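I have placed the structure first, in the form of structure tokens, so that the comments after it can refer back to it.
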Amino acid sequence: MSSREPMALIRSIIRNRVNGLTVVGSAHGIDIDLLCGANAVSASQESYVGFEQDFGMAHNYRRGCESGEIEIQDNCCYTLVQQLRASIQGLPFMPIQSVRGTDFEKNHPSYKTIQSPYSGEDILVVPPLTPDVAIIHAQYADLHGNLRIEGPPVVDLLFAQASRTVLATVEKIVTNEELKRLGGANIPYFYVSYIAEAPMGAHPTACYPFYAYDREHTELYMSAAKEGSTAFKKKYLKDFVYECESHEEYLHRIGGEDTRVRLSSWKESTDAWMELYKEST
Amino acid sequence: MSSREPMALIRSIIRNRVNGLTVVGSAHGIDIDLLCGANAVSASQESYVGFEQDFGMAHNYRRGCESGEIEIQDNCCYTLVQQLRASIQGLPFMPIQSVRGTDFEKNHPSYKTIQSPYSGEDILVVPPLTPDVAIIHAQYADLHGNLRIEGPPVVDLLFAQASRTVLATVEKIVTNEELKRLGGANIPYFYVSYIAEAPMGAHPTACYPFYAYDREHTELYMSAAKEGSTAFKKKYLKDFVYECESHEEYLHRIGGEDTRVRLSSWKESTDAWMELYKEST
Amino acid sequence: MGKNCTLGELLIDQLARTVEDDTLVFHGFGSPLVQIALHVAKRVYTPNLVLVAGATYGVNPDPPFIAPTTNDWVHDRNSECHLSIGELFDLSASGRLGRMFLSGLQIDRWGNTNVTQLGRKTLKLKLPGGGGACNLSCNAKNITLWTAAHRSEPVKGKRRYRIVSQCDYVTGFGHKNADGITRRQLGYLGNGPQCLVTDLGVFDFDQDGHLRLNVLYPHTTVDDVLENTEFEPRMKKEVKTVSLPSLEVLSIIRKLDPLRIHEKELSPGDRSLTLEEPKNAAIC
Amino acid sequence: MGKNCTLGELLIDQLARTVEDDTLVFHGFGSPLVQIALHVAKRVYTPNLVLVAGATYGVNPDPPFIAPTTNDWVHDRNSECHLSIGELFDLSASGRLGRMFLSGLQIDRWGNTNVTQLGRKTLKLKLPGGGGACNLSCNAKNITLWTAAHRSEPVKGKRRYRIVSQCDYVTGFGHKNADGITRRQLGYLGNGPQCLVTDLGVFDFDQDGHLRLNVLYPHTTVDDVLENTEFEPRMKKEVKTVSLPSLEVLSIIRKLDPLRIHEKELSPGDRSLTLEEPKNAAIC
């Protein structure tokens, strides 16, 4: 959602004119919406794409779904977890307590009801999910590729374990000793295919303890997205993605060091932190 | 096995003349063997009970199994993991890739083969395992009951999540702030029913960083156990369990402060550590 | 006394009062009314609550303020421990989540919720999606539904009801779906929706699992409810008026949410409402 | 050269040579020969090995010495990261464990292993149990079997064979069981046992999945093998004699295991053996 999304990776994917993507994840916002705004997505298995009560609907995502450009295959958080677990455990299916009776059951012919060989009760089973690629932004990696995520890892660990290829950007590459001093890796290197250092690589989402969520930039994004698909390309994508040949250029365009200092001011005090989240007037 | 076993709890269980227990776990040694030597066990679903190549077979366990006193229901590590996961996830069964074709399949009528609704392939399913009680020794707890295990937690987390009642002893009760400074809880308090502070509560198994494995005491234990059931009661159980009305008395009998100092000497140097594991001559 | 409060504060208090002590509760993202309600509950009504915060999965956090986005470290401050996402959902699937709070762009008479899409056969509006609502709706022991948009002003003479006869899409399962399948038939562990807190009043569900008006607010009437509901809800014999939150509750809310994030859930008109204690007050 | 080594050191080297680079391997508890072999492999033969230590689940540890019990923090020293028990077994179940090492009090002609019990219908001896051997035997991509007790001296004129026609209890699945069920029929991901390293020689499995003598040691003969095996193993056309470990390998072993923990796996007689490089050496 608004935290630790692999935004630099996503901008790079868009710049490389990748399209036809099927996206899958739990609670997302600007990451998926940006891909949709660049017409890179052809199917969505997300459980949520939005900006909560603050900015509401994800306009690019919504437009893509409503126009038929994006095939809607909505999933739910736990169903996703169980499907990833099936893949991780090499199982042909995973049972799950729930989903039956809702419209997710009807809209997913791949979900099947079977009988428990014990009680005879009906139970839903879901097929394994093995993504081709997982993209992750973490705080730290060592040179071997061990990743350390600080704060809630949400579904990142499961995605790293289940996916064929794992691409990761990090705020900082450190030695293995330093990584251990920080608390140790939570994604072992052998799951990780490639890493790159990308400071502020999650911007405008947060990557604590480095920087908070850039609500100001997100507001700018939202107002461009709200105007429509063409306006979004002209007013946002051009400036912040297409014309940025590098991550450095992007950092320059969002305000460079001033922005970094502003977003890392959350550490100073509760008031400073709150200041970042006040409505602009 | 030789690390972080809830030995003080087990001695207390024996002193309280509990018996008829069904024990279940992965790789164990002196903990289960001690319960068997006290005739507290009537069925075993362990995956391993022994003293590795160092002391070999667990004599009390073996005798109990061979005499018929203990019903043998051997399990395997991963089967156990999948059964605990079934319980934790509220599922009527859990699939598992393996076991079929081995004698575990034949000896466990509760394991069933079903067909995958996708490929039609056969797959084994195992029923949930919900232990009545889990007993755990951890390094730290806070007063709320949050537990922090340092080093490999092995199956303790899954047991804590799956069991109806969780009893825990810890080396040290600290504040929640201190617990977080140490790296944070890995078993949240609401899983934990009761905690007690029992320094050296894992003795003679190790509880790093506090103390290493007491190979010397284990050797004494083994020589008593080897002699037979009656000798074991007279030469070990009497001295170290029945006559110890408290954990303090046990600590006194195993050598008090001298023993604690000896076993914590591992920190000083590799040589000091190695010294603890040399064969007595 | 002169105890005044806003509608948002009243809703928070009503949500907080639906929680039982010694249970595990969870709030998802995008729901500051519930998020704040759980902090109120923990501090005032149900001190032994196990409060799991959505997005961060921190247990019993004590945030210095509420931010406009849920997955922010500010909401994780002073958590005593953490769960993983799988662990929280496992707790629900195994019947150990005491209460979940669900909302929807549509909520129907049987307590089904829709946050997936408007339009039954043809898509009219793609909604953000339900996160884990579908899963949690089945097995959370009890469910509190809520919405701050019950009042639906007509646009070009047509109302888009929030409280509808039948959801266009069932994201979260209520007491039964349009095919008449009940949660008992599906073997779910949860009891289903127990109450619905809206900007117009508080409802419960009768023995059939049908929505029933229970309590009104100082500023709302039965007619308001009837006008803004697509079907005719059942009525409790005696529909009382709610009592306002205590000064303690109000002070907690005001201290915890100086940015008034929770008001983003309310319609602009409702944000400026000031409510006064009525004479014949009752509790949901 | 005058390169001498002990039998234990030879076994370690032979075990180490069965590992492929760039794969994930795991050693269980109670198996110091394998534990040391994996450290040798990682340092000499296969530097990109992902070495997961049994009991601690540390990845690529670099212990200062080997202790007599596996689940000791000394074996976790300098691990670069850690797995959980579930994660390691999940990796195996999904076909991502490159090689597992299994032993048994009985190992049969089809590579089945027994660490559960002696006595088929009536229990003669309760063995400690297999840990996760049963699970790992099915799906580890490749399996190395080993035992340092192939030589079975007769007790009261009766031998208790280690290498038997048929296991009393199948703890770990080999190429097929006594019912003739093959691992292919069961749909397992693993290829099954690829070789067996014993104190008498090194074996592979032929196309039928049957044990076959491949290589002898300087001090062992085909007759030794025949005498100490319950059935007649098949023979490679040309049974060569093994080459001894390099000085580099020997120095690693001696430095890593000053307490000679690995010799606990050997029979007392075998511990004092000194082997010398033969003329016609070969590699397993």
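Going in written order, the chains are labelled A, B, C and D, and every chain counts its residues from 1.
As a convention for this text, a contact is a pair of C-beta atoms (placed from the backbone, for glycine too) under 8 Å apart; a residue touches a chain by one contact, two chains touch by 3 or more.
What you see is a predicted model, and the numbers here were worked out from it, not measured in a lab.
Both chain A and chain C are touched by B.
Note: the chain lying farthest from chain B is C, by mean C-alpha position. In whole angstrom, the spacing between the mean C-alpha positions of chain A and chain D is 44.
Centroids built from CA atoms put chain B at 40 Å from chain A. Between the Cα centres of chain C and chain D there is a gap of 60 Å.
For chain B, the set of residues touching two or more other chains reads 89-91, 96-97, 121.
Shared interface positions of chain D, i.e. residues touching 2 or more other chains, are given as 82, 93-94, 139, 189. Chain contacts in this assembly follow no simple pattern; the graph is neither a line, a ring, a star nor complete. The set of touching chain pairs reads A-B, A-C, A-D, B-C, B-D, using the touch definition from the header.
Residues 89-97, 112, 114, 116-119, 121, 123, 125, 127, 183 of chain A are the ones touching chain B in the complex. On chain A, the positions that touch chain C within their shared complex are 1-3, 26-27, 46-54, 57-58, 61-62, 65-66, 72, 74, 76-79, 81, 85, 96-104, 121-122, 151-155, 157-158, 206, 208-209, 212-213, 215, 266, 270, 273-274, 277-279. In the complex of the two chains, the chain D residues touching chain A come out as 24, 50, 59, 80-83, 87, 90, 93-95, 139, 189. Of all the residues in chain B, the ones that touch chain C in their complex are 87-91, 142, 144, 146, 161, 176, 184-185, 188-190. Of all residues in chain D, only 29-32, 55-58, 64-65, 67-74, 76, 82, 84-86, 89, 92-94, 116-117, 123, 125-139, 169-173, 177, 181, 183, 186-189, 258-259, 261, 264-265 touch chain B in the complex they form.
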